[in-house]
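Shown next, in structure tokens, is the structure this report addresses.
Naming follows writing order (A, B, C, D, E, F, G and H), and every chain is counted from residue 1.
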Amino acid sequence: MQDQPTEAFTLDLDRQRRCGFPEVVYGEGKDPDTLTKIIAQLRDNETDVLVTRMDGDKAERLAVPYPDGRYNPIARTWRLDVAVPPANQADTGQVTIVTAGTSDVPVAEEARETLRWMRIEPQMVHDVGVAGPHRLPAHLDVLRDVDAVVVVAGMEGALPSIVGGYVDCPVIAVPTSVGYGASLGGVTALLGMINSCAANVTVVNIDAGFKGGYIAGMIARRCHRSSSSP
Amino acid sequence: MQDQPTEAFTLDLDRQRRCGFPEVVYGEGKDPDTLTKIIAQLRDNETDVLVTRMDGDKAERLAVPYPDGRYNPIARTWRLDVAVPPANQADTGQVTIVTAGTSDVPVAEEARETLRWMRIEPQMVHDVGVAGPHRLPAHLDVLRDVDAVVVVAGMEGALPSIVGGYVDCPVIAVPTSVGYGASLGGVTALLGMINSCAANVTVVNIDAGFKGGYIAGMIARRCHRSSSSP
Amino acid sequence: MQDQPTEAFTLDLDRQRRCGFPEVVYGEGKDPDTLTKIIAQLRDNETDVLVTRMDGDKAERLAVPYPDGRYNPIARTWRLDVAVPPANQADTGQVTIVTAGTSDVPVAEEARETLRWMRIEPQMVHDVGVAGPHRLPAHLDVLRDVDAVVVVAGMEGALPSIVGGYVDCPVIAVPTSVGYGASLGGVTALLGMINSCAANVTVVNIDAGFKGGYIAGMIARRCHRSSSSP
Amino acid sequence: MQDQPTEAFTLDLDRQRRCGFPEVVYGEGKDPDTLTKIIAQLRDNETDVLVTRMDGDKAERLAVPYPDGRYNPIARTWRLDVAVPPANQADTGQVTIVTAGTSDVPVAEEARETLRWMRIEPQMVHDVGVAGPHRLPAHLDVLRDVDAVVVVAGMEGALPSIVGGYVDCPVIAVPTSVGYGASLGGVTALLGMINSCAANVTVVNIDAGFKGGYIAGMIARRCHRSSSSP
Amino acid sequence: MQDQPTEAFTLDLDRQRRCGFPEVVYGEGKDPDTLTKIIAQLRDNETDVLVTRMDGDKAERLAVPYPDGRYNPIARTWRLDVAVPPANQADTGQVTIVTAGTSDVPVAEEARETLRWMRIEPQMVHDVGVAGPHRLPAHLDVLRDVDAVVVVAGMEGALPSIVGGYVDCPVIAVPTSVGYGASLGGVTALLGMINSCAANVTVVNIDAGFKGGYIAGMIARRCHRSSSSP
Amino acid sequence: MQDQPTEAFTLDLDRQRRCGFPEVVYGEGKDPDTLTKIIAQLRDNETDVLVTRMDGDKAERLAVPYPDGRYNPIARTWRLDVAVPPANQADTGQVTIVTAGTSDVPVAEEARETLRWMRIEPQMVHDVGVAGPHRLPAHLDVLRDVDAVVVVAGMEGALPSIVGGYVDCPVIAVPTSVGYGASLGGVTALLGMINSCAANVTVVNIDAGFKGGYIAGMIARRCHRSSSSP
Amino acid sequence: MQDQPTEAFTLDLDRQRRCGFPEVVYGEGKDPDTLTKIIAQLRDNETDVLVTRMDGDKAERLAVPYPDGRYNPIARTWRLDVAVPPANQADTGQVTIVTAGTSDVPVAEEARETLRWMRIEPQMVHDVGVAGPHRLPAHLDVLRDVDAVVVVAGMEGALPSIVGGYVDCPVIAVPTSVGYGASLGGVTALLGMINSCAANVTVVNIDAGFKGGYIAGMIARRCHRSSSSP
Amino acid sequence: MQDQPTEAFTLDLDRQRRCGFPEVVYGEGKDPDTLTKIIAQLRDNETDVLVTRMDGDKAERLAVPYPDGRYNPIARTWRLDVAVPPANQADTGQVTIVTAGTSDVPVAEEARETLRWMRIEPQMVHDVGVAGPHRLPAHLDVLRDVDAVVVVAGMEGALPSIVGGYVDCPVIAVPTSVGYGASLGGVTALLGMINSCAANVTVVNIDAGFKGGYIAGMIARRCHRSSSSP
């Protein structure tokens, strides 16, 4: 004999009005049927869909009911564009995403997909960690004159401080669990970023590519909105 | 017999060009003579001065050479306006600072003085912690339609998540060392904020009122600059 | 050649008299044969049986000797009603269980099954975490006028503080290991709840749905007993 | 020149209606003038006053405007009875407070004063820590047949588990910072209590005598209210 | 092409003379061939063999060359008696091993096998954790009048303090990784035991059944040696 | 108006019968009057008195009523011999106390005074830490042929492992808070000792000189008792 | 539909000129195709190749395009000599690698392969941990008169301090994750080594055999270069 | 009555022969009389004296018997040159000390005094932390072509990684306790440095200026010795 729990999710369909962007679906631990139902509700509400932390086999299952969904296997994200895109794509703001090493790329890709879902196409700068100090200055052109920079780094997490010293916009630091031994699953990188001596560095959770991209996108869109609204 | 160390500071006078704002002086551990010299260099460079973490007796000493300096004893900050203020003060952007409890006020004041130094006058909302759930909604008018919100909270650090659910701008969460026992000197609040379920919450160091204000001001000015520059 | 240990369990069959409720069986690490023996002892002692942390395959094995046993696959609990139910079910007290997100449901279900074993049917409120601040007030009717509220939350663990501000009964906070990165397997939620600024919040172990339900049930039954005994 | 912050407290005068008891004043860091103003507001609202974590010199200052205030120098609490006491004092419920050692007494006294402010007079059992195993059973008469037990203990924090095995009511465990070395300022006691193998043990913050007493009093009054309201 | 490391072990065959007992073999990570070689060296040196942390399949492999070896699958230990046993078995000293719960039995069995290898047969007392306070006193006869007691406990690790209050010999506390959530893999039990308020409690590593048994056996044999040598 | 707590200590005067030695008085936080009363009770019970963690000014106060009390200002202990000493002092067992550096001496002195109170005069070996590897072997004569060795060490806490490799008796390791930076107030030494690769090393709390001496004395006396009782 | 990330690695081919040695490839998480491309770039740049943390199956895949590559399955490293070896091999400096136990050998082998890649053949001393204090002095001849010693140890990590007391060159301490319970995955060994009382001990990350070997080799080659360059 | 401990220090006068340099005196907790005695022994042994962590008032006391002693009040060190200096000062090797900020200077001065005691005069580069990325490259001339670099940094501890990417010698990273909040007294800087992505970075204890200087000096002298000895 089995007792069953009742339906356990309630979508916050009002969030776009309140917070500027709709609710995002955290894919981990949700089965394909639940995901299918949630996506249907969001689509019917005419909001763009972003699912994070989704495995490839679930993506295959979703491809049947939603053939237009886009799965990024590195980021493990799934997007479905539903709303009408903004008229002037160039006005959505500028974001650059920087990684310290190649192992940080999956988290950076999650940030990129989040920004795409916000209708912003970020620029990517990869593998410019601090041990090769000549690599970062080579990319200063795509770091300056943007609205926000997302810096993704594991191990000692030093890269955001360096980037922070070069730019005049907020740096959203995303620590990653990349490393071994005393990296403590990313806690070392997180602590390092929180203690950054650069005044414009602010921090989100370990491996939180979504959050890093979201905050950068929110800043970019706000700056854009200000510029075009009057 | 005593050996003396050589002069040990070098001001980064180029920072305003590179990062948008000049260098800030961390007052802790610097004696009044060193502070006087540093302030002179900054003033001669025609940049506004902000000293943080400065005791009242140092402020009294600085009052002699710099009678126009403004000391905030709650924030423990000292400012000296040197540069010509912007023509249109109303265009500098909007920031609101929120505290969970009265013990968080000193950190909030440090954020406020930092914003003033950036020529932004923030709005203050005090003592609206989560245990009195009806208090925050009473202030929604000054939380919405701003460029960034700084939320200052100790103990469990829950307030940024709540604020994040109401607004469509970035929330800069500043954990404080307010609390006792398992508050672990602010680490509990820091961890709570880093794990915030609200997507627009980003975090700085414990008691880092300066940093919270600085990042909020950077966002506000960027949005403002975008709107007025064309 | 193998040495074998002696029988290693001793049931505390006197606990009901001493503590008001019989011993509960922690299923993890116990094989089906041992469980079968323990359940037989409890049943022969005419006490209701609750097994926690039990996998589905063990439940299938137990279905043969105990066809009346009830397995909840979400909660991973197994119950067997043996004792005569109380005459007036409505007098057993009122408990509400609240979850912050859908991932917290298994822990909430363990609390629910524990309350059912105590002959109390709790009300469930799901997915009302703090990032959607309008969701909780919609359920105030089932939060007020109960004897205790169990709040199950992971990540920053802020929900119990909010609930605590609305109700005039104890809030039993159950942190969960839901989250990633700096959630530290639930330690962040635990610390946050321990530091709750709401005076009526008290805390049990991470993922301890059983304990949360048990203490709430104990309070409810005590209030009920008081009211009916004279 | 000094900038001054605005008034930074807002009393939650509605709390008694919402949560059953009025707001408590955390005395640490508040100067006598602020305390005097807050107390006046509460008194004018006809609610009983409890100030915690208050030094003796502040108590002396408050004795002038409030000669009826009662200061407990061990608990470092200050109370002022304003409301009319309940008609039948005996009906307020029963609470017992237990300490492991004499160094835990100040925290226990804070719990006691909190209960007195709730109009409940608890029974005290002192210095019955686990190293003297015959001491606790000598007090079983005042541990059984109460509505809640508050157990205050530092070092390894084992006492709540023992008490939990003897009683049929909730045990509110209050870890203290008593100890040295690896007691880690009370964190060891807190962790031990959270992992208690007794099902009826729930935990509050380190040295949180107020919270331990408050939750016990809330349970006691609820049981009492239930019994008398019909 | 593969480079191979050189032979990487050197047995300390002199240890019995220096420390009273021969070297013990830590089985984890050693393949059957290496174990076979090590055992041969020890046997040729006429010393008793004890291998700890050995899986069952390795035990099966060792059964061929060493049919007299004894494997305990609960303890995961393997013993081979080589030396001539002492003439008077009764004079080897008295040790009792106590467990808090059934999940602690594997660690207790490792302690038992270690004592057997030292030619001491301990008495076992199982499942007498603190939540059932009447269970321990029932066994006081096998706790008193022994040379040392080994107490094996997980979760809050409170049992050694209780046992310590009853006996006049050293209590060797062995924390186990039994528990969940904030048990932190046994660190909570370790910290609790280190902070024990009982003066005769001393502590070894988490799950270190071998060490607990070894130190108890060393005490017992020393007392025995003293009594018989003159 | 002040409320006063009731008398808050109860001596465990039965402990000598149960545990072999009387209760020890923890001096920290007890005022001279309370200490005087406690000492009087113990003396009237004809038990030897040991007070630990007592400041010199309290010792001066106690010198008036108890001129025979002995204060050790390094150990911060106070003793009063009351009971009749054992007839044959040489039979009390042998203990050696070893320190790694001179900063560890106060903790070692506390262990020494504890042993003297147990009527055992230990041998002292100072400043033989591991960085001077030739120093320890020079003292092997007083390390071998004793009943127990107490090793007191801070910083990395490596000395007990070395001593453990030379002797055939238990090594009671006492970590100290000596060190700086990542010594973490003694936690590093504690962790190192708990992980000692020497099988005969067991550990007590940081700076717990009393406990280290007590357990060593208990072992020594037990071995002695065994040898002389028949 | 799948979005693909862009090429995510950029080799630092200038590093040999800047830092004396070329870049090393961290194999974990890189697939064989990526590794093949990276190795080709390095070989074309005429630099020796070292890949660390590579599984055996990847090594098999690389054996096809690079039959001269050397795989060490214990160290999990892969080397390819490309550059012309130095004329006088004897002049490359002297390094000795020491392990505490056999479980530390894989990390020591990684250090050895790193030194070989630097064209230095180290001497190996295995299984001389501190619990067998006579073992280390037997190897003093290969510890003295070298340029650097790498000491690899887990558990309490005491060996570097002992070695440090015998030699007049830097000791590079490599903590390992060998151990259980409170070894905390190597953090205990790391903390112990950082707190070493020997002045010549310096520390790298847990299990960082590569780094330990690299720094030792850098010291050795610098001493060698100095001696031969004039 | 007072018991006194015996003399508790033994100088390791053989260390210079064994380790290349004599013993250094840790001044903390030693009174002026003890320091005077220790210095006399060292001077009589014709070895140079270095005392670390010594307050200014002790230095004044030592100025009477040792007028040639040199006290550095920033470093809190005291030196006395006793031995004959090396003939060719230029051949002693080259070391550069770098600080991230002015607050790190005291630790850097301790390193400098240690090198002076080793008869090496280091070059100092101050206040070149990562937030001003253009500052470090301006000093590359004194960073390259040295035998070792000591990098002293607090907060996030990122500077050693940057320096490591520019130089071809070992970088000895010294974390400092400079910072606040989540700098955790230097633990964050320590963890960051241990996880440095630069292969030539190795780490000593927090605030361990002495150790940083000592290891750098040992490398420098070894390289020098090699070059001049033939």
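The rule is short, and it goes like this: contacts are C-beta pairs under 8 Å (C-beta built on N, C-alpha and C of every residue); 3 or more make two chains touch, one makes a residue touch a chain.
Computed from a prediction, not measured in an experiment: that's the story for all the values here.
Looking at subunit B and subunit G, the chains that touch each of them are A, H.
Fitting subunit C to subunit G on CA positions gives a rotation angle of 180°, reported to the nearest 5.
Each chain gets one centre point, the mean of its Cα atoms, and the points for subunit C and subunit F are 45 Å apart. If you average the CA atoms of subunit B and of subunit E, the two centres end up 58 Å from each other.
For the pair subunit A and subunit E, the distance between C-alpha centroids works out to 51 Å. Averaged Cα coordinates give subunit B a centre that lies 36 Å from the centre of subunit D.
In subunit B, 131-132, 164-166, 181-184, 187, 190, 194-195, 199, 205 are the positions where the chain touches two or more neighbouring chains simultaneously. Pairwise chain contacts in this structure: A-B, A-C, A-G, A-H, B-C, B-D, B-H, C-D, C-E, D-E, D-F, E-F, E-G, F-G, F-H, G-H.
For subunit B in complex with subunit D, the touching residues are 68-74, 99, 102-103, 105, 109, 112-113, 124, 126-128, 131-132, 134-135, 180-184. Those residues of subunit B that touch subunit C in the complex are listed here as 100-101, 129-133, 155-158, 161-162, 164-166, 179, 181-184, 187-189, 191-199. The touching residues of subunit H, counted against subunit F in their complex, run 1-10, 12, 14-15, 26, 28-30, 175, 177, 185-187, 190, 205-208.
Of all residues in subunit E, those touching subunit F in their complex are 18-21, 24, 147, 164-170, 172, 190, 194-195, 199-200, 202-205, 210-211, 214-215, 218-219, 222-224, 226-227, 229-230.
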